[in-house]
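The following pair of complexes shares a single chain, subunit A, combined with subunit B in the former and subunit C in the latter.
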Partner chain A sequence: MSSTMLGFLIRRSAAAVLLVLIVLSFTFFFIHLAPGDPTLVLQDPRLTGEQRDAMRSAYGLDRPLAAQYLSWLKAVVLEGDWGISFVHSRPVTEVIAEYAWPTLLLTTAGLLIQFGVGLGAGVTAARHAGSPTDHLIRLASMVAYSLPIFWTGLMALLLLSYDWPLFPPGHLQSIDAASLSPLARKVDILHHLALPALVLGLAAAGGTARFTRNSLLEELGQDYIRTARAKGLTERRIVWVHALRNAAAPILQLFGLTLPLLLSGALVVEVVFSWPGLGRLTFDSILSRDYPVVLATTALTGILVVLGNLVADLLHGVADPRARQ
Partner chain B sequence: MSPEPDRRATSVLLATLVTAVLLWSGCQQREVGERTPTTEDTPRRGGTLVLAISNDIHGINPLVSGADTQTTAVLDRLFLHLFEEQSDFTEHPPTFEPRLVESFEWSPDHASLDLVLRSGVSWSDGVPVTAEDVRWTWQAQTDPELAWGYAQSKDNIREIEVIDRLKVRVHFRQRSPSQMAELNEGVILPKHVWSELPFAAWRANERWFENHLVVNGPFTLESWTRQEQIVLLRNESYHEPDLPRLDRVILRVVPQKQNQIGELRAGEVDFVEQVPPSEVLPLEEQGIQILRFWARQFNYICWNTQRPLFADPEVRRALTLAIDRQEIIDTLWYGFARIAVSPILTSTWAHDPDLQPVPFDLEASRQILQSKGWSDSDGDGILDKGGEPFSFELITNTGSQVRIDAAVMVQEHLRRAGIEARVRQLEFNTVVSRALEHDFDAMLGGWDIDTSMDLAYAFHSQSIEDGYNFGQYSDPDLDRLIDAANLETEPVERLKLLRQAEAILHRSQPYTFLWEPQRLSAASERLQDAAPSPVSPYFRLREWWLGEAN
Partner chain C sequence: MIADRTHRIRLPRSPLSRLGLLIAAALSALAIGAPIFAPQAPYEQMDPVAGRFLPPFSSRVALPLQDGGWLLAESAEVTETGVVVRRLGQSETLPLDRFASVSEDNVSRRRIFLLGTDKYGRDIWSRILYGARVSLLIGLLAAGLSLTLGIAVGGAAALAGGWIDGLLMRFVDGLLMFPRLFLVLAITAMFEIDLLAVILVLGSTSWMAASRLVRAEILSLRERDFVVAARGVGLHPIRIFWRHLLPNALPPVLIDTTLRIGDLILIEAALSFLGFGVQPPIPSWGNMVADGASALTTAWWVAAFPGIAICLAVVAFNLLGDGLRDSLDPHTEEGFPC
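On to the complex of A and B.
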């Protein structure tokens, strides 16, 4: 790695840590200033004000906000301790680790579908610009991009799970998954993953396809492409080796920027498909004012944003030598 | 351009492979609860029941995680209460059937209660349940560091004394009608295992309890996959012969109500705790059972009586008269609800059957408002007095579509009476927070209540500062009646006091009491003897069983 690149990475990492800390501090104060607290979620006539105070004290919420912030910051920065979840009564890191992998699985599959289908459709549309194929792909992309995920999710469930039971109706695995062999269990998870990943990935693929088509079309109109054609290069080589490489920079940036968005997109899919994951955890934690979990998931999202940007910059540098300067 | 045979072949092969794998996996889905045929009128053991639940449980320690209804409903199948509250509160105060207790005897002055525990009850590790468990559980429930959400229910218990291995004496501070209910709040926990962890560490170590779980209830926990499913397994050491009937109960977390119904229709689940009224007919037409009962819930509009608009009880009565509650029930509940009369539910023993709901009478409403000086002087369709329009904000919480719809209907009803209600939806926490600070004009909400008939929580003036008297309603006569009723142990005398209190609330309308809903549960055809009740959605789950579906 060149010293320029190393310096770039160090500068970006330092800025990233600072950025995440600022985001977390804002989140800490905003969520504590939002109306309500974890004890108010339990609106039960039998729960007295005195008992709520006792619970607040047990959660450490009876101390001044500044004192809570300083002790929380100290624990996070110096000890890596994200605290104890009010709702789950366990260390937050343990809760996050448990909920992260289904989301990671879903978003990775979604990302693969998004870019696999999106790139393929975008390149096809650009290669056949103006043809019925192009029109069809553009229309399909626009429809996929426009339809709300919760609606497509529900329709997919209705048609492909309830009416025509090709896929299971949501969930990560079958009810009796524990009794399956390790291989059958993996296949079972893949079977459950297919529909939510398709819904998540195809919705995003619409945007990727349009982005790819436009970016590639611009390149295909350049002089060097005309030269390449004049030299007798095959159309496939022209598109995939020359034009797409130059069109790749903005697409790769899109890839980096899409990473954190998948977490929020996954929330809807997780709810519709009863998929256990970080999206639902975050949503429930906000509603129940589980401050430690909200802060940890916010940090995770912040880190994803920073990482996404970093990956986008790095990939841009790989694709475009001028960007390395 | 020419096609590329090699790549196309690869794609086709890949697609075929994926489809084959998915279809093969689909074929691997096994029937849950496969059984051998028997006669349908004889309860029998076996099978796996699948229930759909909207939310996951929070943990398996009831004192740390048991403050939400879903968690309580599940944990009550793992751990026994001393008694089981019955849902027979229609004619008299609810009775308590002994569960962990074999017999009990009150002292003549009701200051103490002797309990003799069943001798054959043991924890799932074989250790007998003893009087020490009962006393230690009470100590845990009242430990200040642990801060159990319902610790206050034990305030009236001065001491629990262990007399011998199976006998305890409960000493109360004073006699009250809710002694039994307060004693029975919370389940009995295993001292011999859980006392290894200090109370102060309980809130940070939920996993420890999962790893050290012993139970005395009909079921034990086989597995718990967070946000996915909870699997309960028959507790083979459970003391009641031939119970529970089911081998396993799987509680499948399905957040979306529509998906719960979809899975019920598809045969993936057997029981959905609550279905919308609009789904009742279509489900019944498909042969799905609808199990209904009157929920211990009433919905209301709370008027902030310290705001000038709502300070006068006559004006509050005029507002109630202007709201067509039957239309709300017919439109939103398809008739599966009835007009609420007061905070004493019409299905309970304490309700006065002679007290009729305030009728819908727009003309009477207009006359009252006119007599109070309200008129539409500027012809804008809204009543005004002294230049001020009769206009206010009606808040309700998001997350309950029926309340939001009801608020819009109320807005329209009041508009016809010349009153402007500006409906505002707020997040639940914000609504509660503003209600506790009395920072609202009017609020549409609901109360899920128990059968204690303690009206102090929302209507005693002491609850304005420390309680749920959101509307700051204050009436010394009502306070006196509530206090007296909460101490009166003679049912007949108590009934008189409660009816007087009910009459005051009916007359002064601090709330407009909107509706009492029915709880509509749906069950597959094969589920037998399911008896969801106001006490629990899984009431007597140990007696549910599975027959053959047609």
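On to the complex of A and C.
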């Protein structure tokens, strides 16, 4: 590994660590600077002032905010201790671990669809720029990212699950999943995954298609493409190998940029499809005022985005030496 | 005045962006004129029993009752013994004195429920029009707030420079890492939610991109000759900002704000759908879809039509913003809407 590469890795990782700390701090202060405190909303209104004070000191809420912040940060960063969930009466980390993998499954499938469909449609539009195909793809992608995802989810459920029962109506698996063989269980989960992942992925594919088209069109106007054409390379090879590789850098950045959108979308999709993931957990925890969990999931999704951006950055650095400077 | 107009916003020329402008104008007109265009008030339950879940294009005879309510019937006929009413699939004869007025005219005139009714018998078309007021107003005001905050933070960062610039931009970077819906939900969960709170929360979580844009524009404008000249003749920095920097930095930022309106309408809708935005019975397109979600299989129209209204509004503002951007500078790279 060259020294510029190593320096690049270290710089980017340090920046990401700093961002994670900023994200953690923001989350803490959002929740704690808001009017009211957890004991007020959580507890029975019939509690006396004394009882409430006792509770506040038990949760450490009577200490100065700065002290609370430091001890919370210390517990989170050094011990991985996010506190105890009020509702689940278990460590928050345990609860989150249980809800994290359905979200990872959903967002990974969503990402695959987003980039599969988005890149395909974007490249097709760019290759036929100005043609009716191009106009159709541009309009369709604009409509895709203008649709409210909760509504598309409901309509998909209505049409493809109730009216024409191709897909199960939400949830992670069938009720009788426990009695199925391991392979059948996996197939069952994939069957349940298909519709929410399509709703999530196709909505995000709109933006990707548009961005890919524009980045690619810019590359296709460059001199080296004319050279490649002059060499007699096939158009397919020129677009997919030469131009797309150079358009890869902005598209990689797009991955980092769209990650927050994808996670927000996943929250809504999880609620609509009763998908037991982090979004659904956040939603339920807000309803039940389970602050430690809300704090953890909010911070965690922020950290996921930081990591996603870091990966995109590093891949960009690997692909393009100019980015390492 | 020493200034050069580097950008000028023109009316977009492409047919699609004109279509966007047209839809946006039509929706605004419908929202403003809701009391004229809506056949009913948004909360009016004409007949909670027989008016429930009427499918689109249903028509009913509406008879005014003595107690102020309405009775919806499939058909009605005035006879000597009373009014023969066909209602909920059954015929019954009701005495004349139950009605406030029964004339040949209001027995034969039928009321049309264009987009059907919801579970309380409220007219969906009317609620969509009144909901347009709420959804569009929130979108516009939140976009205005985000524009103001974006100018304040971006302007401060660009003008101050040094560590203040660094600090503000790290702050922006950090905020941009949160998926918006998680952030907005975590914040709204702490408040008593009313319309103002929704606007404040949405506006105060969506200014980051605008602030980056303002900062970048001002940093590039600052080195331009007319600004250097303005500094040279000894104008006060605040005056230079207001008279020379801001007016020239504004056009691209305003266009970004147009695109942001669609985005904010979508987030408001999602927030209201989840129950943390506009609270019922005030109609917003998002909470109307939520209303319909629980009756999806019995009455698809309750959820379907408000969703179409959201799509129309968002597509309109996106088309408009795109067209404005293209007319500002045909060569700008189209960015990703986020």
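Simple rule for what comes next: the second predicted complex is superposed on the first by the 280 of 325 C-alpha atoms of A that agree within 3 Å, B and C clash if a C-alpha of one lies under 4 Å from a C-alpha of the other, contacts with A are read in each partner's own complex, and residues count from 1 in each chain.
FYI, contacts are C-beta pairs under 8 Å (C-beta built on N, C-alpha and C of every residue); 3 or more make two chains touch, one makes a residue touch a chain.
Please read all numbers here as calculations on a predicted model, not as lab measurements.
Once the two complexes are overlaid on the shared chain, A:L267 sits against subunit C while remaining clear of subunit B. When the two complexes are overlaid on their common chain A, residue A:I31 makes contact with subunit C while staying clear of subunit B. Once the two complexes are laid over each other on the shared chain, residue contacts for A:N214 go to subunit C alone; subunit B is not touched. When the two complexes are overlaid on their common chain A, residue A:V305 makes contact with subunit C while staying clear of subunit B.
Of the two partner chains placed by the overlay, neither subunit B nor subunit C lies in contact with A:I10. By the document's definition of touching, both partners, subunit B and subunit C, reach A:L154. Of the two partner chains placed around the shared chain by superposition, subunit B and subunit C are both touched by A:Y162. Contact with subunit B, but none with subunit C, is seen for A:R90 once the two complexes are overlaid on the shared chain.
In the superposition on chain A, the residues of subunit A touched by subunit B in one structure and by subunit C in the other are 34-36, 154, 157-158, 162, 271-272, 289. By the touch criterion stated above, subunit A contacts subunit C in their complex at residues 18-19, 22-23, 25-27, 30-31, 34-36, 139, 142-143, 145-152, 154-155, 157-158, 162, 207, 210-211, 214-215, 218, 254, 257-264, 267-268, 271-272, 279, 282-283, 286, 289, 294-295, 297-298, 301-303, 305-306, 309.
Contact residues of subunit A toward subunit B in the complex are 34-37, 40-51, 54-55, 57-58, 84, 87-91, 94, 98-99, 127, 154, 157-158, 161-162, 165-176, 178, 180, 184, 187-188, 190-191, 194, 235-236, 271-272, 274, 276-277, 280-281, 284, 287, 289.
Taken in their complex, subunit B has these residues touching subunit A: 1, 4, 21-26, 28-30, 32, 50, 55, 58-59, 61, 64-65, 67-68, 144-147, 149-153, 185, 202-207, 223, 225-229, 231, 250, 252-256, 258-259, 262-263, 265-266, 268, 427-430, 432-434, 436, 447-450, 454, 457-458, 466-468.
Those residues of subunit C whose C-beta lies close enough to touch subunit A in the complex are 16, 170-171, 173-183, 185-187, 189-191, 262, 266, 269-270, 273-274, 276, 286, 289, 292-293, 296-297, 300, 303-304, 307, 310-311, 314-315, 318-319, 322, 333-334, 336-338.
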